[in-house]
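Next up: the structures, one after another.
Note that chain A is present in both complexes that follow, paired respectively with chain B and with chain C.
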Partner chain A sequence: MIDLSIEKLLKAPSGEMNLSVQMNIPKGSFVCIYGKSGAGKTTLFKILSGIMHPDKGKIVVNDQTWLDTQNKINEPPQKRKVGFVFQDYALFPNMTVQENLNYALQKGQPADIVDELMELMELGGLAERKPETLSGGQKQRVALARALVQKPEILLLDEPLSALDHEMRTKLQQYILKVHRQYHLTTLLISHDVSEILRMADVLYHLEDGKIIRQGKPAEVFTRKEISGKLQLTGEVVSVESQDFICIVTVLVGNELVKVVTVRDEQHPLHPGDKVLIASKAFNPVVKRIG
Partner chain B sequence: MIDWNPLWLTFKLAFIVTVVLLIVSVPLAYWMNASKSRIKPIIETFVSMPLVLPPTVLGFYLLVAFSPSNFFGHWLEQWFNIRLVFSFAGLVIASVFYSLPFMVHPIQSGFAKLPSSLTDASYVLGKSKTTTLFKVLLPNIRPSLLTGIVLAFAHTVGEFGVVLMIGGNIPDKTRVASIAIFDEVEAMHYSVANAYSMVLFAITFLILLTVYLINGGYLKKLWK
Partner chain C sequence: MNTLPGKIKDVSVSGSLSLAHIDVAGNLFSAIVIDTPATSSYLSPGKTVSVIFKETEVIIGTGKEHAVSLQNRLQGKIIEIESGDLLAKIVLDTAAGKVVSVITSQAVKKLGLKEGLEVTALIKTNEIMLTA
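Presenting the complex of A and B:
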């Protein structure tokens, strides 16, 4: 259970922004934080892990107070049980994969967990390699394994998948879900990818300019409730070709391209990069076994 | 045959000064990189001043400070029975001040180049500041440390003004090679001056060459 309520004035390139977030996350849930860059997502993670201090606020995790500015309680990052996977992975370049994991062991902690995680993340063959010789996906697995060594209660993933190709992403999403379940973690993931969020998250928080503007089940947040479609797909507009009265919109759904014909809407034109929902009411989908 | 003592003295001085500087500069550079204190610009200015100040100015003020007829020098002599003027210990202290920027600046810029996420990651993994410094930060700025060590060493070997002001020219005690060269030239002993100069030239060349080879990765390529 994470009970969080914080406020911090941030100096962003576009001017000052007040980060003001309240969250109440049940134990064991998988939470996604969604929002544009500069919305305060990474700062929120840094405050939760104790690397940054908010101006005021309170953080209680599983009945332990990590932060309470009113009563001057502020546990340092060393004392908070947090696993943090950084956007740039932050693997220590001077250590091998094995040494990176060993470094994370706490005083007196048995080293079995390192072997267990090496096996779970399929890192055995990489034990003696230095981080600079690893691919993005391998680094990500090492970072994830290292974050879990100290058996954290909450796991923070700061957009760790954004630099990977689609296939690698899907594979690593499976790894993340696997450890999330196996170690009964409460996991928070920052992500821009709608399909990733729909696949992984129980709860979604949409952050904009430092505030939570929407929250709830991902499918409900992303899809408008007034449409009761029988088939719904979310995706991203790749291109829009305008013809006389209609538009042919190409949408990327997962890793498939879908072409949809729409009526040209002068007031709300679609642009490449827009997140869209494709829904169909009277529709007869054909379901065919392909393998 | 030349007297080897000035050369021996020079390298002894440079070695001790380098060790002292390394111990002083790592915490200082760490603080200068991490601190947001208001007095930081003042400290940074003091550290950098030996770069531009004539060595004689630094030497002069240290001479005044260490003089037994003044408060600080008198106090040192009364309480610790130490006299820093015209002594080897005085040379060490003066040289530490004089070569400080050559050690601090490379280490500081080494720290600054490391991504802050490395420090954050180490803290989140439950490691203290000291553990993080010795296990994560320092091992990852090895080239900067090496540059600092060599520059400080070479710069101490090459100093003249400060040493002359504070140490004078006492054979076997404070007469280092650079002063001996000046002395021999004054006495028209060009061949002796040449011998000292050649030795200094060759050794500093070799030291700097080694650094560039190591930091440029050339030696690693040879080993492979």
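Presenting the complex of A and C:
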């Protein structure tokens, strides 16, 4: 269980912003943090892992107080059981995969966890390779394994998949879910990818300007239930083909491409990358047996 | 997407289907939805809702009386026509606000539609979505 309540005044290019977040995360949850850049997502991770200090607040993880500004408690990062994976891998370039993992071992910690992770993440064949000879997906697998060496209770993933192509992303998602379950982790993932969030997360927090503006089950948060259309899909706009006043919008829903005709809206045009909800009445689609 | 403001007048329920009557600027609209007052709190008389329907589901009729099954009718004046090779976009000014219809350019010619003409927009009951 993570009980967190923090406040920090941040200086952003656009002015000052007060990061003010309360979270109550059950142990073993897979949580996604969603929001625009500059909303405070990474800062929240830094505060949770102890590399940044909030103005005030309290963090209690599994009945252990990591931070309590009122009572001047502030556990250093190495005492907080947090694994961190960033977008840019952050592997030591002069070390092999094996050495990168060994380096993460704490003094006196048995090395068998490294072998276990090498096997679980299928890194055996890459043990003697240097990071520069690895693909993006392989590097991220190593980074993920390294984050788990110290057996953290919380895994923080700061957009670890955003630099990878679609296929590699799907594979890494499987690895992440595998370790999440295997090690009974509480995992927090920063992601902009709606289909990724829908696939992986139990809980979603939508952060905007330092505040949580929505939270709940991802499907419910994204597909505003108030609209009565019963065929609701969420996805990402891949392309917008304009023809006269009509737009043929191609949307990636899961792994499927869907096409929708819309009338062009000059005030709110759609662009590739936009997250959208496609809604239709249950009366419209036809159903054909294919197997 | 056309979105018009309305107020629920009454709701008839049968199994998991509801037929709602909605007052849209003095016009009585009907919408059939797979929801009931038990599953959707906005399905009760007096509640404010938005009536949503797609431009391509709006049928245009000239004149005022139409012996057809469509329940939802809005009279309005054509304020804009944009004709493409195959399709045309027609913007109507109605008592409930602007309504956009997309029909074939051929139909525009056949009906002799032009700006300034008074027409009726018709929408099928099962094409109307509601949102709170």
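By our rule, the second predicted complex is superposed on the first by the 255 of 291 C-alpha atoms of A that agree within 3 Å, B and C clash if a C-alpha of one lies under 4 Å from a C-alpha of the other, contacts with A are read in each partner's own complex, and residues count from 1 in each chain.
Just so it is clear, contacts are C-beta pairs under 8 Å (C-beta built on N, C-alpha and C of every residue); 3 or more make two chains touch, one makes a residue touch a chain.
Keep in mind that this is a model prediction, so the values were computed, not measured.
> Looking at A:261 after the superposition, I want to know if it touches chain B, chain C, both of them or none. Which is it: first, second, both, neither?
second
> According to the stated criteria, A:88 is in contact with first (chain B), second (chain C), both, or neither; which is it?
Touch partner of A:88: chain B, not chain C.
> Who wins on chain A residues touched, chain B or chain C?
B
> Identify the partner contact of A:279: answer first if only chain B is touched, second if only chain C is, both if each is, neither if none is.
The answer is second: A:279 touches chain C but not chain B.
> Pick one for A:51: touches chain B only (first), chain C only (second), both, or neither.
After superposition on chain A, A:51 lies in contact with chain B alone.
> A:16 contacts which: chain B (first), chain C (second), both, neither?
neither
> For A:77, using the defined touch cut-off, is the partner it touches chain B, chain C, both, or neither? Pick first, second, both or neither.
It touches chain B, and chain C stays clear.
> With both complexes overlaid on chain A, does A:246 touch chain B (first), chain C (second), both or neither?
In the superposition, A:246 contacts chain C only.
> Could you tell me if A:112 is touching chain B, chain C, both of them or neither one (first, second, both, neither)?
After superposition on chain A, A:112 lies in contact with neither partner.
> Considering only the defined contacts, which chain A positions touch chain C in the complex?
Contacts found on chain A: 224, 226-230, 243-246, 261-263, 279, 281-284.
> Any idea which chain A residues touch chain B in the complex?
Within the complex, chain A contacts chain B at residues 46, 49-51, 76-80, 82-84, 86-88, 90, 92-94, 103-104, 106, 146, 149-150.
> Chain A touches which residues of chain B in the complex?
115, 117-118, 120-128, 135-136, 139-140
> So in the complex, which bits of chain C are touching chain A?
Residues 1, 31-35, 40, 42, 52, 55-56, 82, 84-85, 87, 89, 100, 102, 126-132 of chain C touch chain A in their complex.
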